[in-house]
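Take a look at the structure set out below.
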Amino acid sequence: MKPTPFIQICDLEKSFPLKRGLFAHLYQQQGYKNPHVHALNGINLSIEKGEALCVVGETGCGKSTLARVLMGLIAPSKGQIYYQGQRIDNLTHNERMPFRKSMQMIFQNPYTSLNPRMTIFQTLSEPVSFHNAKLTKEQVDDKVAELMLSVDLNPDLSDAYPHEFSGGQRQRISIARALSVDPDFIVADEPLASLDVSVQAQVLNLMKDKQQQHNLTYLFITHDLTVVKHFANRVVVMYLGQVCEIADANTLFTQAKHPYTQALISAIPRLDNNAITPIKLAGEVPTPLHKPTGCAFQARCHYANDRCRNEVPIPMQIDVSTLIACHAVEEERL
Amino acid sequence: MALLEVKNLNVSFGAKHNAVPVLFDISFILHRRERIAIVGESGAGKSTLGFALVNLLSKPGHIHSGTVKLDGTNLTTLTSPQMQKIRGKRIAMIFQDPMVTLNPVITIGKQMVEAIRAHTSINRHDAKKIVLEKLAQVQIPAPDIRFDQYPHELSGGMRQRVIIATALLLTPDIIIADEPTTALDVTIQAEILELLKSMCEENNVALILITHDLGVVSRVAERTMVMYAGRIVEEGPTLEIINDPQHPYTQGLLNALPQMTLAGHKLNQIPGSMPSLSDRPNGCAFHPRCQYAIEKCQIKQPNYIYSGISTVACHVLEDMISETSSSDSAFLNDGKDVL
Amino acid sequence: MKGLYFVLTLMLATVVSSYTMATHATTINTQTISTKATSAKTIKIALDHDPISLDPHEQLTEKTLQTSHLLFDPLLRWTQDNTLEARLATHWRNLDAHTTRFFLRDNVTFHSGNPLTVDDVVFTIERLKKSPDFKALFDNILTVKKVDRLTFDIVTKKPTPLLLNLMTYVFPMDHQFYQDKDRVLKFGKSFASYNVSGTGPFIVTKREQGKQIDFIRNPNYWDTSSKGNIGRIELTPIKSNSTRLAALLSDDVDFIHPVAPLDTKRLENTANIDLITLLSSRVLLLQLNQTKRAEFQDIRVRKAINLAINQQLIVDKVLKGLSKAAGQLSHEQFMGHVEELQPLYNLDQARQLMQEAGYASGFRVSMITSYGINAQVAQAIESMLAKINIQIDLKAVPAAQYLRAIDERSTDLLLMSWLSDTQDSNNLFEFLIACTDEKTGFGAFNTHGYCNPAIDNMINAANEELDQTKRRDLLQTIEKQLAADAVFVPIAWLHLSWAAKRHINLHTIVNNQNLYYLGDTVVSD
Amino acid sequence: MFVFLLRRLLQACIVMLIISLLSFVIQGNLGDPVRQMVGQSVTSEEVEKIRQEQGLNDSFFQQYGRYIKNALHGDFGESYFYKEPAFHVIMAKLPATIELTLAAIILTIVIAIPCGVFTAIRPKNLASHGIMFFSTIGLSTPIFITAILLLYVFSALLQWTPSFGRGETVSIMGLWESGFFSLDGLYHLILPSISLSFILAPLFIRLIRSEMLEIMESEYIKYAKAKGLSSARVYFIHALKNIMLPIITIGGIQIGNIIAYTILTETVFQWPGMGSLFIDSINRVDTPVISAYLMVVGVIFVFTNTLVDLVYGLFNPTVKLAVKDV
Amino acid sequence: MSYPVREITFSISPRRWKHIWAGFLSDKLAVLAFSIFVFYCLIAMAAPLIAPFDPYDTALIDLLNAEIAPSWISGDERFLLGTDAQGRDLLSAIVYGTRTSLSIGLLAVLMQASIGICLGLISGYFGGLLDTLLMRCADIQLSFSNILIAIVLLAAIQSIFGLAYYQDHAMIMLVFILGLAEWPIFARTVRASVLAEKQKEYVDAAYLMGISQIRIIFKHILPNTISPLFVIFTIQIANVIVAEAALSFLGLGMPISQPSLGSLISIGFDYLFSGIWWISVVPCAVLMLLILVINLLGDVLKNHLNPRHYKD
């Protein structure tokens, strides 16, 4: 019997109706079909305490939806989410309150993730005093100062507004806000995407430090494989709302199995070695609306056969840490 | 003769009395068929440089001094109708975000045909033929269908291909590509870069690639210029710069990349962030973030020197070189001229 | 897609056009008759509104009467100097106190070509007795007896001194033309409101209600002695005073009515434009609601109000000196007019009376007026009464609500004007002074709640009194009594004003009852 | 497409229902229509009789029920004043109003597009400042002031233009009475359409200017310039085509305003259209016409909005109205 | 290996409002417009102190003084701007009329804003069926002009309360009517901003902190939707004043005894051809200047609050 995983995601599905409004509503009640966009298609995943799990994939693969469903920002269409064995996906805003303290999120865009009309002090003190109603004003002040120091920001600047900070500093404030409620688990949704290279390093280092200091568990979403290699313990590769491959970071970069993972890794712009030519994928990138039948990747895959075109591959445990959903791997054509 | 010769180009924003300089003393040479890259973080002024070359700076910006010579013609002194004839025909541009570059209410075909007809007297029918041919060249499936489609009906990668095809329509001398792959997915990015590179080679076009991604640079460009706060801080052959960066900023930039660090280790980081152009520090703009900064750095802009690998603007390096090899001074003095 | 737009546009066009056509069909189109007279002139008239109907019996208003004088002829009509003139009746004589014999003009034909006979007159008077508006006036007529083709007797229930005045309202209608289609309809389309066959000098050629009516001269008009040379009339209603005046000034029309008092000064100095103002017998008065306000039951208060209002100042300033300050209801041409009753103004005395009555510190009352010049007079009254500490909440309302306020007697002070239908004082007394009686319609506009049986008796007596001297005594006694009781505040007899291009010879055609006989008008070149 | 039209139809029904209720609440409460129809010396007995005949003494619900029932049969009641079905009365006046608005819209387009584009591409030019100044003044002048001033100066003082009415109209195939095809008709159209466009043009000049300024900053305009296109092509093809979208949207919303403005303009110039009819009807308490007017305005609103959406679809390739049913 | 951590120097850019204020002061036209507007407001507030007469006190009005020309023409120093046909001091009437017009404008717009903001926030934040319904209503209402809606509402209200009651409370009624007539402008703008703001991650962040939705709406989202509202607020004041003037022009607005600028003009129009020009021209000029100034202020605000001109 395996111990209960820290976070367990089972058969998670999320679809968005294409048409909205009064008419679509009536329409649906009449039994007509309203086409849906399937952003997540049966995701199974577990996250262990203390690890940094990276989710990689291209635009529209559902990785951000996964994060938002996990955090309860949007409700899943199907499936369950367990936090330390407790089911949390069906809770209301208020019922979920106890979990809010332990689960936090860092967002992609440091320019929109901070309220432009609130000073840094207001932004940071709000959750602090909200979750610790007993704290006096001085204690809140201290806590905010402490938080700012912990992300290398001068507490004297707490009365400034977000626009007075640079992108990297804002992202650090975001991290401080997430840390303000002392969470165990942080979802980071592309936190580096809009930062410059030199600043990316600052933020990445800070996150690493905090992981060590607070024994944090990360779900780190990114499209940048070089970051993954540096940061992750385990990697989940997603394509069109499905998991292609789950593997240890080292395993993945040395012996990726799934054709899509291989293509992704080969496409990393490298400084050192220009000998690796990127694997060229066939065809067009499908959108979640026009999803191909069978394996989601078949239309662009060089190894696709008839089975791939008709049958959805089921994830298959290759070894202790590796899981792959691919007919070609299963049939050992690869 | 060099194809494009930029000399002491200075660009400022705003009116005369409170003009803010944004580009300082930019000088470089581009030869035919050469592919060079301009690398820098956001706010370094690399896009401004791209637009300054074709005299398309947006409103408050203007060229303050310096020359941009294309085959000996100074572009900065041309009238706007004269410049119009250069743009698109001799210097084509590719923009960052293909989603917003194409006019959403005009079909792909029309947007391409008009580019031909703006510069030549080719009739509509023949222009369409050329367009279809170029679309096929950039590997767009079913070009005749695409021709009548609107931009929103194409995927991002397709759109960027259309833009590349448009740039190639009149086989220009130079293509300026401003972050052509930033908005694209990794797998598409690689394809587009390959396409851009091969197209330039096939059509004998010189390329100025503007990017922040050193990985992209290494794949495409022969020479690289690193910009910081409106100034070129290092210039030289791409591989050499990547393997042995000379300027502290270039070093920091490269070391900050996760792939240069062992997994699990802390990344090297440059403290702080790039100053905004309106309050550039005195002296070397990088000195507040530079761990090697000496007193001189705060006072005086460094001159360009040749380090043996690349041309660099750094006081510290200058001092180091003059200490170690004072005999080789003739070699160093050459630095400025190279640019 | 494009096809769809076309269909949509076509649909809209069809809907609109079908209705345009439908309304066209409804405009009057009597047989077009070319005018013989070569010197025929066209004149364009702008009035404040157009007649609601072509039926002379549908509404008793000035507009209807004006139109009737164009399309029909009355038995008698008023001249400019307020005497009666024979028209379709050539002469008449009293047979007894109840019966009068009338002789019709021969060789008169209707527009339809039918000859005028007594049958038409009988038909017309019968119809008048059915009309809601005229019923009350003609109630006293018992029957019309046909004597021969051109002679008839009118038999009244009671002796009727004003019978001849009444006959000005009788515009004989072509009974063959209107036969079986003679309903008087207030709401909805009646035959008579759209189709005309009269004896009058003009024929309607086109009528778009609210927009324009065109007339041309009747080529078979009986009155060949008339020198009238107007061949064509275009009548347009223009509601706004300024626009109407602008139309005249910009040569778009030749003749306008009314002219706002304010604009008269400007027109006096305008070359080529004649401004005519005539004093009418329409009286403007302020009624004090005694039923609603106990204060007004005190004669001292009523007197004080009478004294506080400076009629002459109102006339000079607001009415630009064109109207005449009134101290009684009866106009000087009326039998009931009492020369001594002049407007009174004495502020000190008024204040003193208020003090005596115990209202030195005044009180608040409500007041309603209709829009236009009345509202301005009302404002003047407001500030005048403020000087004896009577505060007024003044409200100006549209006509429909104004009339409702009268019916409901819902206001303390009411400013209203009244024009005698019979050119006689008694009509004023009947409607404004007599005790309210739902049945007879007496006192329908008595909003002051003053009810004096003695006066009612005198009103009834005057209605039957054939002796002019006695009748005059009766009417003057009423007028004096009213003044003594200070029942209401007479303000002024209002004036009428017209402006026209000089060549219209405006002064020859208007009278103080706001009637003009365009058939007889000679327009110079 | 079908769904789209169906949706519009539903919307129209809701609008009509609201309007009918509103207009009915007003009905009979504005004043007494009967009192207006009779002369002064009429007994109240007679008045009461007419009222009874007209069903004006019935309860509110009875009257409303009757009204809705008749309305469903296309009968909005008969005008007290015109003695005709109110709907016909309105329809007879509709061409005049449509022509006035059309003339004003054409005038507005002719003025606003060049001025708006010019002020956007030459913002520092003296003429641009002039245009902007006048447009601010125009925007700040209530339309009735403009109308009266124009009337005073050009008709009364200078006598250049006619002062009221529509002038001579020409019947087109017996379908439409038009003032467009006679010199006199056009002559009469000048002042009213100018005063209408005096308030519309500034609005659109400013709209076009701000949209244009925004679009000029966009990537695709920069790109068009980088392709070496002529300025004229960049401004009038690339930019203008894009600003058509917001202009169509705002223009659609302005339809309501134009209808309101016609009320004021028509009142001043005695233009025989729906607007002056409406105000006259309010004063005459001709409630069937008032409610029919509101109904027609409602239909015009739904119709133009639908049209605007269709046109929007034409200009904007990313909007697809024809969502196929699955 | 670690670098010495330096506190990085960065500029504190001037605060938003300071920036707007500075830009505003440098715009001469804006300063002029603002001063005139403030002047109007002062006059409106201090009307009883400034006006030489109380125009509502009918006892002070003497018909004998009717139609006196402005003092520089007539030489009568009692009446600076002359008198109207009733002998009322025109200056006083205009001062009080300005007070009435401005009050109606401000109050009605306040009402529009409060209804519009609340509905817009709710509609934008919660979305769904409620949003659809509210926005349909807004669309429909917006498609009719404010004057048309006001006329209909006026008629409805007059018929419900009776004309007498209406005239006694004309100002409140007009505020109510004009306030109801144009809430959709605010609602739509707020809704659009809310939809845009809702996409921004700070809202999600606040939600994840467990903060209640009401607090998120009012504390987090509302402040970010305010700035476009300033422009609308300003311009709407002008619109409402014009609408009120138009209603009064049609004879449906303020009663004659308590004239607003609009009813003064409406009364004055009858005098246009009569040579007593000041009765109409002066109120017209005062109204036009007021509207012009407010519109100019709206333009200034638009320019300075525009995110394009002020980078976040």
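All chains are identified by letter, namely A, B, C, D and E, in their written order; residue positions are counted from 1 within each chain.
Here is the rule we go by: a contact is a pair of C-beta atoms (placed from the backbone, for glycine too) under 8 Å apart; a residue touches a chain by one contact, two chains touch by 3 or more.
Bear in mind that the values here come from a model prediction, so they are computed numbers and not experimental data.
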Could you give the fewest steps needed to travel from subunit A to subunit E through chains in contact? 1
If I average the CA coordinates per chain, which chain comes out farthest from subunit A? C
More contacts between chains, C-E or A-B: A-B
For the pair subunit B and subunit C, the C-alpha centroid-to-centroid distance in angstrom is 90
How many angstrom between the C-alpha centroids of subunit D and subunit C? 38
Between subunit A and subunit D, tell me the centre distance in angstrom, where each centre is the average of that chain's C-alpha atoms. 53
Subunit A and subunit C have mean C-alpha positions lying a whole-number Å distance apart equal to 88
Multi-partner residues of subunit B (each touching 2 or more other chains): 266, 268-269, 271, 273
Which positions in subunit E touch two or more other chains at once? 5, 10, 136, 269, 272-273
So subunit C residues touching two or more other chains come to 242, 245-246, 249, 398, 401
Enumerate the contact residues on subunit D facing subunit E in the complex. 11, 14-15, 18, 22-23, 25-26, 28-30, 136-137, 139-145, 148, 152, 156, 214, 217, 252-253, 255-261, 263-264, 267, 279, 282, 290, 294, 297, 301, 305
Complex interface listing, subunit B residues touching subunit A: 41-42, 155, 157-158, 185-191, 193-194, 212-216, 218-219, 242, 252-254, 256-261, 263-264, 266-271, 273-274
Using the touch definition from the top, list the residues of subunit C that touch subunit E in their complex. 241-242, 245-246, 249, 260, 262-263, 265-266, 310, 313-314, 317-318, 366, 371, 375-376, 379-380, 382-387, 389, 391-398, 401, 410
Over in the complex, which subunit E residues touch subunit D? Could you list them? 136, 139-140, 142-148, 151-152, 155-156, 158-160, 238, 242, 245-246, 249-250, 265, 269, 272-273, 284, 287-288, 291-292, 294-296, 299, 308
In the complex of these two chains, what residues of subunit A are touching subunit E? 21-22, 25, 68, 71-73, 93, 96-97, 100-101, 103-105, 107-109, 111-118, 126-127, 130-131, 152, 154, 160-161, 163-166, 169, 174, 177, 181
